[in-house]
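See the structures that follow.
In the two complexes that follow, chain A is the common piece, with chain B as its partner first and chain C second.
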Partner chain A sequence: MIELGQYCLFGALLLSAYGMVIGALGGWRKSLPLTRSAENAAIAAFGILVATSVSLWYLLLTDQFVVEYVAQYSTSKMPAVYKFTAFWGGQSGSLLLWALVLSFFSFIAVVQNRHRNRELMPYAVSVLMGILLFFTVLLNFLTNPFNTLTQVPVDGQGLNPLLQNAYMVIHPPALYLGYIGVSLPFAFAMGALMSGKLDTSWIRTTRQWSLISWVFLTFGIALGGMWAYEELGWGGYWAWDPVENASFMPWLVSTAFLHSVMITEKKGMLRTWNFILVLLAFQLSIFGTFITRSGVISSVHSFALSNLGPFFVVFLASTALFTVFWIVYRSPQLKSEQRMKSFLSREASFLLNNWLFLSICFAVFWGTVFPILSEWVTGEKITVSVPFFNNVSMPLALALLILTGVCPLIAWRKASAKNFRRNFLYPLAAGLVTGLIAVAVGVRSLIPLVFFSACGFVMATIVFEFYKGARARQTIRPTGFLTAVKDLSLMNKRRYGGFIIHAGVVLVFFGIIASSFFRIEEEFSVRQGDFFKIGDYTLVFKGLSERSDPEKNVVTAKLDVLKNGAKIDEVLAEKHFHHKSEQPMTEVSIRPTLKEDLYVVLAGWDKGVVSFHVFVNPLVQWIWIGIGIMVLGGLFVMLPNSKPPAAHVSRAVDEEEAKDVAA
Partner chain B sequence: MSRPKSVLALLMLCLSTVGWAAEAPTEKERVSKLTNNLVCTCGCANIIVASCDCGQAADMRKEVATFVKEGKTDALIFAAFEKKYGPKVLGAPKLEGFNVLAWVLPFVGLAVGAVVVVAVVRKLRPKGAETEAVEAMPPELDEKYRKLLEEEMRED
Partner chain C sequence: MPHAKFIVAGTLIIGAIVYLMFSGINDSMVYYYSVSELLASADDLNGKGVRVSGYVAPGTIHRTPGTSEVEFFVFEKQSDRRVPVVYRGIIPDTFKENAEVVVEGTYQADQRRFQANTLLAKCPSKYESQGDQHPDDVPLQKEAK
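Let's turn to the complex of A and B:
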């Protein structure tokens, strides 16, 4: 199996090199046989990488500790599911997963485009295989997952216990799917640039891919947050850690891209800009992979450069140069097809959106690399952490939130001044009411009040959007209101799916602001039978107990939760002492409600005195709910069209456009 | 844009005048603020002192509480921590020397972006080069665009 894996991995390298060269040649010579050959190489590369991955899985599941990677990330005692996920527990496995998924995506792209996009395909395949070549070179020569040990250990070291939970089963692949999904729009963009077929066909072809990748990025980031919240025991879900930032930046740029392509598709404006954005999104995805490369554990504990660093830098630099060269070369053909109406048009508002997303991305990037810069210049190690990022991103995030509400109103403004005023009035009133409610429940500081009001305002604009649309539709076709909402949303999935996503965003803001401004935290040292109070809760410490299983010893503290004098619940906060790991692990007790989470950490014990670190985190669950709605909104946009087949899509867009103008 | 902005400004003004708690922060609030701006140096991923799960953070929290009880100012406490644990303990770069750049550049980026956006909109707006664009549009749309344009000009 080891040899099989090694040979397959080398085969993948040869195939991707072949696909890259022959694809480019096929495009240059406009030769169908050459192009087909490159496409077949892409399909074969997928097949051979499946074989490679199956080999690694087999080795992991059969405890073959002669393989260094297996010995490092697996043990014979681990449950099978974690042996399976140990595949991406470390550097070489994560990179193999990257290669596998990229080849899978390329395979689908090739099959989908057997008879479409013939001008783009040879170059797109060539670019995809070029990316794959990079990863297979790393895997073959620098971090081979099939390297063997001369001395076979009796047992492996095992996956870090922190990673042995359900979130870590899904989080890395989800994030990777997001990262890798960006490669397809990038490859087709390159296809457009290199072939000179610069219309919007590359955007249309990869629209679904951009969305899928965005949905996975969103989902992956959320899972990472949940994991941090439940496993790391510091009461928060986001620490502005370099790796978190590395996943957030491609998300920001992808989001900007999803918005900007709409202007290009509909109005033919900003064509160069999309190429720059897709390049940026791709580069940031590679950068994100690079930072997370050695498995997720480095994400929370260290940020050291591995021997792969220089290779990633060279790859990033060369793809950037290559793309910029093509953009400059084609720039005379990339002029805007139409003119913008004014600063108050929807196009302009999308530009503002892009401006804010990229500004936040830049701020995050700057904060992430600043410690390195500062150390070079001043020789002093400094920290750029939560206080910095929160302060810098907050005003930008507020502006973005408000813009989310203002944009649809700008579109509506086309109706008439009177209408416009009315459309603006209700949402503003809703914002004001939200602010007043916040004051009534005891919010007294300015920033959260402004954010809450903005949330109310934006939510109202979204509701209003659905309401007005459904009413208008009812006048055309008399149906029930809800049917009208459904029909309306299905008729323009992109528009209304987008609003659903925005509604999710509002809830996420709501939760983030509440939980960061109104968190209560306190430490208590108590003896058995003592009670302590935090927020509305009274907790009674009932005692410690100890148990052990083959993997670990567990110390459990039991507490009764009382509210208004009555017992409402019982919680268990634990510390796990894994035999394989020196650091004890905190198993937090979280008692989630829609209003607030009671979060109890067992901090330590000494001679009968037990200490707890307790948090009351308000509205955290709304963050997860909001992200859930964002993901659902994204999936809604992707729903297959029941009516118009592919050929009619462009006309449907035109009709929509005409409707927009007429509205 | 001016109308929505002014209404928003008004909204914020309304909110800001609603009964404000202007009392001095309690000791607890000060400890919370300080520990939220210090970073634990235990080797975890720059988790702030207020929430880090390790023993060192617990000790640091106690230190802060003691300082606050003694009546030391925020600046003094930060300085004491920096001296004891090194500059890494501060959660954000100080506003001095090279580190000012950390704070300034994001907003420079924002400003540069604003200039670019304005330039792009200016460039894409129909002024002299309008004819070419109008020709590219189908005639029935053209009429509607023109009406909209006129309407907007009037309102502004």
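Let's turn to the complex of A and C:
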């Protein structure tokens, strides 16, 4: 099995090199046989990487500790599911996962486009195989998962217990699917640039890919946040850690891209810009993979130590140069079909949206790589701390939030004063009312008030859009209101799916602002039978108990939760001591409600005195609900069309809107 | 000239962002030092934000009972220099003797100790180990339980 894995891995390298060269040649010579051959190489590369991965899974599941990777990330005692996920527990395995998924995506793209996009395909396949070549080179020569040990250990080290939970089973693959999905729009964009077929066909072909990778990125980031919240025990879900930023940056650019392509498809503007965005999204997803796996930023002076670093830098630099060359070369053909008319137009609001997303991304990037840059420039490693990220992103995020509400209300081309009055009156009133409600429940500081009002405003615009659309539809076809809403959304999935996503975004903002500004955090040291108060809760410490199972010893603190003098619940905060690893693991007790989470951490014990860290985190659950809605909205947009001519439907709705504005 | 308008607007926005970033950086800049670098320039650093990395010196962890306050020494492997650290707050599970830690806070020159606001202890396999945890360190038969 070890040899099989090694041979297959090398075979994948050869196939991807072949596919890259022959694909480019096929495009250049406009030769169908050569193109077909490259496409077949892509299919074969997928097959052979499946075989490679199966070998590694087999080695993990059968505890073959002669393999270095298995010895490092698995143990014989681990449950089978974690042996399975140990596949992506370390560097070489996760790079293999990258290669596997990329080849799978390429395979699907080849099959889907067997008879379509003939101009784009040879170059797109060539680019995809080029990316695959990079990863297979790393896997074969620098970090081979099939390397063996000279001395065979009896047991492996095992996966870090922190990573042994459901979130870590799905979080890395979800994020990877997102990262890798970005490669497809990139490859087709390159196909468009290299073949000179610069219309929107590359965008239309990869629309589903952009969406699905966005959905996976969103989902993956959320899972990472949930994992941090439940496992790390510091009461928060986001710390602007380089690894978190690494997943956030491609998300920001992908989101900008999803918005800008709409302008290109509808108005023929921002054509060059899309190429730049897709390049950035791709580069950031590679960069994200790199900093997650290498720890280059989190550790001091480790850049030189990571043997993969220079390869990633060279790969990023060369793909960037290559793409920029093609963009410049094609720039005479990439002129906008129309010019921007006014600030007060929907086009301009999309453009502003893109600037804001990219600005946040730039600030996050700057903050993330600042230690490296400052070390290069001044010799001193200087980092920026959490307040930097918060202070920079907060005003930009507020502007984006408001824009989310403004954009759909504003007309294409140039909005009139009438358009403004008509559309903004109710939402603005709703925002004001939300602000007043917030004051009434005791919010006194300015920033949260502004954010909450903005949330109310945006939510009202979304509701208003559905209402307006459904009413307009009812005049054409008399149905019930809810049926009208359903039909309307299904008829223009992109538009209304987008609104669903925006509604989720509003909830996320709501939760983030509430939980950042109104979190209560206290520590208590108590004896058995003592009680303490936090927020509206009174907690009674009932006692400490200990139990053990084959995996670990567990110390449990039991607490009664009282509210208004009555017992409402009982919570258990634990510490786990895994036999395998010396470090204890805190198992936080979270009592989630829609209003707030009661978050209890067992901090330690000493001679009968037990200390707890207790948090009351308001509205945190709304973040997860909001992200759930965003993901559902994304999936809704991707629903297959029951009636094919989506183009004329969207035009019909636009006309409806135009009438609306004119009226 | 519609284009000029957009250029002006763009410049304003970029200006605002650059301002936000630079003011943000100056407020939250944290110097990343090793223990000996910190001790070498200790007098200039009084009150400035500093992040220090090193290892927890064995036998120096002292927890104040009844609180979450912990005192310990951070030492550097290359030299034997070490610095006392006081920290109050959530102690990560990964914090233990010899663990690699990063503390962020300020150096108090008058008391000759480091007051930490955050304490990060590196969890060994969340990120890739950098050579010090070579697979040959995997316990062999004689050491296995």
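Keep in mind that, in the parts below, the second predicted complex is superposed on the first by the 613 of 663 C-alpha atoms of A that agree within 3 Å, B and C clash if a C-alpha of one lies under 4 Å from a C-alpha of the other, contacts with A are read in each partner's own complex, and residues count from 1 in each chain.
Just so it is clear, a contact is a pair of C-beta atoms (placed from the backbone, for glycine too) under 8 Å apart; a residue touches a chain by one contact, two chains touch by 3 or more.
These numbers were taken from a predicted model, which means no experiment stands behind them.
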{"item": "Which superposed partner A:Ile382 touches (first chain B, second chain C, both, neither)", "value": "both"}
{"item": "Touched partner set for A:Glu546, first chain B, second chain C, both or neither", "value": "neither"}
{"item": "Which superposed partner A:Lys607 touches (first chain B, second chain C, both, neither)", "value": "second"}
{"item": "Partner chain(s) touched by A:Pro153 [first = chain B, second = chain C, both, neither]", "value": "second"}
{"item": "Contacts of A:Glu3 with chain B and chain C, given as first, second, both or neither", "value": "neither"}
{"item": "Which of chain B and chain C A:Gly90 touches, first, second, both or neither", "value": "second"}
{"item": "Touching partner for A:Ala71 - first (chain B), second (chain C), both, neither", "value": "second"}
{"item": "Touched partner set for A:Leu163, first chain B, second chain C, both or neither", "value": "second"}
{"item": "First (chain B), second (chain C), both or neither touched by A:Asn391", "value": "both"}
{"item": "Contact residues of chain A, present in both the chain B and the chain C interface", "value": "232-235, 299-300, 302, 339-343, 348, 351-352, 355, 359, 362-363, 366-367, 370, 380-388, 391-392, 396, 523, 586, 601, 603-604, 611, 613"}
{"item": "For the chain A and chain B complex, residues of the former touching the latter", "value": "232-236, 239-241, 269-270, 299-303, 336-344, 347-348, 351-352, 354-355, 358-359, 362-363, 366-367, 370, 374, 377-378, 380-388, 391-392, 396, 402, 406, 409, 414, 416-417, 424, 428, 431-432, 435-436, 439, 444, 446, 449-450, 453, 521, 523, 586, 601, 603-604, 611, 613, 615, 658, 661-662"}
{"item": "Chain A - residues contacting chain C, complex", "value": "65, 68, 71-73, 89-91, 149, 151, 153-157, 159-160, 162-163, 232-235, 243, 293-295, 298-300, 302, 305-306, 339-343, 348, 351-352, 355, 359, 362-363, 366-367, 370-371, 380-388, 391-392, 395-396, 523, 525, 575, 582-586, 601, 603-604, 606-607, 609, 611, 613"}
{"item": "Sites on chain C touched by chain A in the complex", "value": "2-3, 5-6, 9-10, 13-14, 17, 20-21, 23-25, 27-34, 49, 51, 53, 63, 65-68, 90-94, 96, 104, 122-128, 130-131, 135-136, 138-141, 144"}
{"item": "List of chain B residues in touch with chain A within their complex", "value": "1, 3-4, 7-8, 11-12, 14-16, 18-21, 32, 36-37, 39, 43-48, 50-53, 55, 58, 61, 86-93, 97-99, 101-103, 105-106, 109-110, 113-114, 116-117, 120-121, 124-126, 129-130, 133, 136-137, 140-141, 144-145, 148-149, 151-152, 155-156"}
